[in-house]
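In what follows, chain A forms one complex with chain B and a second complex with chain C.
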Partner chain A sequence: MADKTFFIDTTRCTACRGCQIACKEWNQNPATKTKNWGSHQNPEDLSFVTYKLVRFSEVVSGGALRWYFFPDQCRHCVEPPCKDAAEALGYKKAIMRDAATGAVLFNQTAKVKAKDFEQIKEACPFNIPRYAPTKMVMAKCTMCIDRVSNGLLPACVKTCPTGAMNFGDRSQMLTLADKRVRELKAQYPKAQVLNAKDVRTIYLIIDDSVRYHKFAKGQGPAGMTRIMAMNKLISPLMRMAGLKG
Partner chain B sequence: MTNHWIDLANSDCILIMGSNAAANHPISFKWVTKAVEKGATLISVDPRFTQTSSKANIYAPLRSGTDIAFLGGMIKYILDKDLYFKEYVVEYTNASYILAEKYDFKDGLFAGYNPKTKSYDKSFWAFEMDEKGIPKKDKGLRDERCVFQQLKKHYTRYTLDTVSAITGTPKDLLVKVYEAYAKTGKPDKAGTIMYAMGWTQHTVGVQNIRTMTMIQLLLGNMGVAGGGVNALRGESNVQGSTDHGLLFHILPGYLSTPSPQWPKLDDYLKRRPKSSDPLSANWWQNEPKYMVSFLKSMFGDAATAANEFGYQWLPKVDVGVDYSWLSLFDAMYKGKFTGFFAWGQNPACSSANANKTRQALGKLKWLVNVNMFENETGSFWKGPGMDPAKVKTEVFYLPCAVSAEKEGSISNSGRWMQWRYAAAKPFGQAKPDGDIIVELFDKIRGLYKKERWIFPEPILNLKWDYTTKGRFDPHKVAKEINGYYLKDVTIQNTTYKKGSLVPGFASLQADGSTSSGCWIYCNSYTDKGNMAARRGLKDASGIGLFAEWAWCWPVNRRIIYNRASVDRFGKPWAPKKPVISWDGSKWVGDVPDGAWPPLANADGSPNPNSKYPFIMKPDGFAAIFGPGLADGPFPEHYEPLECPVDRNLMSSQFINPTVRVYETDMDKFFTCDPRYPFVGTTYRVTEHWQTGIMTRWQPWLLEAEPQQFCEMSEELAQLRGIKNGEKVTVESARGKVTAIAIVTKRFKPMLIMGQQIHQIGLPWCYGWVHPKDGGDSSNLLTPSVGDPNTRIPETKAFMVNVRKA
Partner chain C sequence: MKVTRRDFFKISGATAAGLYASQLGFDLSPASAYAATLRIKGAKETTTICAYCAVGCGIICHTSGGKVINTEGDPDHPINQGSLCAKGAALYQWVNNPNRVSTPLYRAPGSAGWKKVSWDWALTEIAKRVKDARDQGFVKANAKGQVVNRTENIAHIGSAALDNEECWTIQAMMRSLGLVYIEHQARI
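Our next item is the complex of A and B:
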């Protein structure tokens, strides 16, 4: 199985939210009690039981009203900072990377302390990891690894009616992304793909990324925090001393 | 749809108006997106900037209920700038017909109006006939009494200034839309319209659609790939239920419901207009074969020539009485019903003026609620404002299976009949509808056999052999719908054995030797098998017809009126996307609208064996002038029954002069009233299905769209001191609902006749039963008044007030 990647073409997204619901269904994640909070975006944010969320954003761009939809999910980074952070904190098996697909996976049997989770979350430039304090477990998009390793498409991709959600071998997805940007550039000069080299969930957008979602392009310390760096630095010593892990 | 979903991808310009297809028909955007990526222009016209608008190249707002003004302006634009497809208009439409002397139009009224009955004498709208009884024509389109010149005259008033003042659409946007759409008047370009309940649910609903039909004819967009008039059906099988006679005015296959004006079968069979033009197929002249075959399906061996094949056993509708939804509930409110089966529906939420409907249910002796979940209809007696002690209606609840638990067919908007297998067994005591009907009818028939009740013949003589081992069998029904030979029949040297399935409706007979439950479905289940169950993925057409995938009525023709997609020689107007073409000896491509050769021979001489393309019209020509409707042969702008303006800028006829209002104490209407200053409209969301009966119980869907909301502009919110996410009360003359305010840039105040007018909108998918904090139906606000042709209620334009709750 080759290295896998999502390509999410937001120009084709109509916010039908089939992906959001299919994700819940496949993962058997329960619904949360929500209220209308003056937006169609619901639940308001990702959570321990919401791995995929279509974000809605109304903006005036160049004098015209735009309504952008952003099907948010884990980027499955090529070099995942969450994994580095977890390892630096001594959690060797909390976050794994599937060798065949490149999927970044949170181990559902690994207990993580709340304060450590905060650091792991902070390490993610895209604000993806979520946590259940009672279970002390982290959760996020799994790339539907159980489907993909059986030759099926991820549930969100399978259900998408318009071709906004795409999934396949990384090289094919990169080619597709490149083709779409070239097609759209004439009409939308800001057409761009986000972080194509560094992530396995590549978004195509046609406007400034913050107009879609604060964390669309990634924010904050993409590298390591001071504590993480310290931990990483000293971790071999600690391992040797048998103090942790 | 005259075309089908995949065909949207063939379009050069897609107008979505009266529909929010991206949200309510999500799969349509698979094909819309393909068209746009090939270079098509996507236009969204809607009072609110929707998910559809977010994908459009051009978005234009308009005030709800002013579509005819908007489209009438487009007709004027096309005519003024000479952008119509002249050859198509002259050869295939009635634009050249000469109108008889009596036709006239003055100040909003057509000739023949009777103010007492609020109806027209349509004989005033006739054509001038020649000595053979064929309409007189001026193919030069210059005669001032010809349809084309009268059309021009009629829409002279629809200037950009007047249209903009009525609709609130800025003039530059009107021109942008008109210009983009009119480009499809070029022979090889196709424009399509996708519309839904945003057009039908008005007191001018039918005329909204007719205006667009006329535009499609002027631009030569009917019958071609990527064209057509495409109704996006509101439920997955609305097309099928209409085909099979769900509505009161039609039997299966669009045969009229019998009426005392045709006391004998013979009167019924002779009622269709004749044509003396040898080039007119006048397809409805075959109706006797379809009606007699239908009667044979109904009554089997009991139907004989001697007893008019049981014609007298069919119920008859009284002349001038309509039995539409609104009228039935009006009668129920007046206490004229004993009992009511609410089968797979939720009128307490889905019905316009839902308060009247809920009260009407309390006038019944009994109510049977056949549904999957408890709902506001079955529980009306304990609903808001009801005193259970005072309601005498006895309610029975029959749990039924969901669609995925039943085998059978679904006919989609594109007329495809697709067979489904049962994916699961029904839950608990729930039964498939077919089984419930079988048990019910067996019981009724048993009682009729035992008791001496009046008029037992229809019940006792009904052919009723649709079970296998006591259970409803959908295959037996599907075969009966197709039809059988009832005796050995020889047609053109081929003998068809008694008991074999009829291969197509051309083989049906009027002598009782064939049966067919719905003639347009004849050919769907033949000796070759169940055509609807086919899953062939080959597409020989190159334009996405996929002729071997399922089956499409009529006779697997995927694009109807396709003989208009070619010129008189049979050459496609659009050679790169041909629907059919004449190869010198036969048609290739889609199943043509009749196998006759093209109108002209290769040398240009007329071919006497040909037929005009619009075979369902008596004269074979498409109707730019349409003398069949209740409210006029040309669409005319009238204001909605409730509107924010005190006059109609087009004429002194304020509202549609043929609209009839109901007159109970619960039919209240306030127009141009300062207490209800804002235009209201209703719509749906992707997450909920109709009144939400199925989806409100589905936690994931409820999580995504949990509560009744009211969308409004930032300007209106400021005016009323409402903040985003706050609870508001929306009120009309008929009721009120509470909702969460969604304050949005997607609604904007409009400038209507010099005044700033606000519009708001609410979905109608909530109800008080579940969830408890979800809010109630927005149909508590909507008016119980309907289109004069269809009686579809005007739930898309009415007047409301909104304030902080």
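Our next item is the complex of A and C:
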């Protein structure tokens, strides 16, 4: 099976939240108690039981009000910094990457300490990993690896009525993304795809990324954080000294 | 995204071989544990129509051991071609929901609260009261002497979530009782 990639065309998103619910349903995650907090974005944030969230953002652009929708989820990075961070912290099997699809997966049987999770979360440029302190387990989007490995589309893509969510071989998705950017450029000069080379969840947006979501494009370069770099540097020494990183 | 069922198989073509090998004990990928456990594998597929709005999207219900284990858009349905909105995608919890009312409830006239009752009691009571109301207002013939066999004491209001077949059954039942006021919030 070829390398897989999501292409999320936010210009086609109507924020129906079909993806958000289909994700909940397929992963058998319980509902989250929501409240009116001044936005239609509900629940407020991703969580241990919410892998997919349509973010709503109201901005004034060129004197007009714009309402941007951003169906947020794990980017399944080509070189996942969370995996590096986990390994640097001594968790060899907590985060895996599926060789066939490229999906980055959190091992649901691997216990992670709360303070270590904080570092793993910090390593993610997109603020995706979530944690259940009672279970000591991390969770996020799985690329519906069970579905994809059996020839089905991820639940969020299958359910999307507007064509905002797309999924397939990486080369096909990149071609589709290019085509859409070219179509949109004339009307929206800021039309762009985010981190196409580095991630397997490629977003197409038509304005500055921070106007959609603080972490839309990723905070800082999609690489190692200071703590991770330090851990990577010292881990061989720690191993030599017989200590756990 | 336009993906036909044929394309699904194309996506999966290479995987099938991979899965087979992994079941033989070779750990081809760390994801094999996830991949081998597709929970709808071997489940019975039954098609239905989403009851929420007038679009009438097609849905596949996966059942196993008599229980609904998954619902998702039907790719072969001409209306939605596999897609569903948030409401349609949430259909699964119509059945599997701890908040669902699981027994008949009775609120007596003048009472402030609901009381759990048995199906037997509820159905008998409904039948009794329908019969009483019908008999009290049954009109055999109208003023002109024409045979009409109708009751004007009862009306029936159908739900928006009824499909054609359910409407037919209700219509037949209500007509047989002699009802003339039969309404339905037709949507699907």
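As a working rule, the second predicted complex is superposed on the first by the 231 of 245 C-alpha atoms of A that agree within 3 Å, B and C clash if a C-alpha of one lies under 4 Å from a C-alpha of the other, contacts with A are read in each partner's own complex, and residues count from 1 in each chain.
Methods note: a contact is a pair of C-beta atoms (placed from the backbone, for glycine too) under 8 Å apart; a residue touches a chain by one contact, two chains touch by 3 or more.
Bear in mind the structure is a predicted one, so any value in this text is a computation, not a measurement.
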Chain A as common anchor, with chain B and chain C clashing or fitting: clash
Chain B versus chain C as contact partner of A:Leu153, first or second or both or neither: second
Partner chain(s) touched by A:Asp208 [first = chain B, second = chain C, both, neither]: neither
Chain B versus chain C as contact partner of A:Pro43, first or second or both or neither: first
Touching partner for A:Phe167 - first (chain B), second (chain C), both, neither: second
Which of chain B and chain C A:Gly18 touches, first, second, both or neither: both
Chain B versus chain C as contact partner of A:Arg97, first or second or both or neither: second
Which of chain B and chain C A:Val60 touches, first, second, both or neither: first
Residues on chain A lying within both footprints (that of chain B and that of chain C): 16-18, 20-21, 25, 31, 161, 163
Contact footprint of chain C on chain A as seen in their complex: 1-2, 16-18, 20-22, 25-26, 31, 93, 96-101, 103, 105, 142, 145-153, 155, 157-161, 163, 165-169
Residues of chain C that touch chain A when the two form their complex: 1, 3, 8-9, 11-16, 18-19, 28-31, 34-35, 37-39, 41, 70-73, 75, 80, 82-90, 92-93
Residue ranges of chain A in contact with chain B within the complex: 12, 14-18, 20-21, 24-25, 30-40, 42-43, 58, 60, 65-69, 161-163, 183
Chain A-facing residues of chain B, complex: 22-23, 26-27, 29-30, 33, 37, 49, 51-55, 59, 685-687, 699-709, 724-726, 740-746, 773
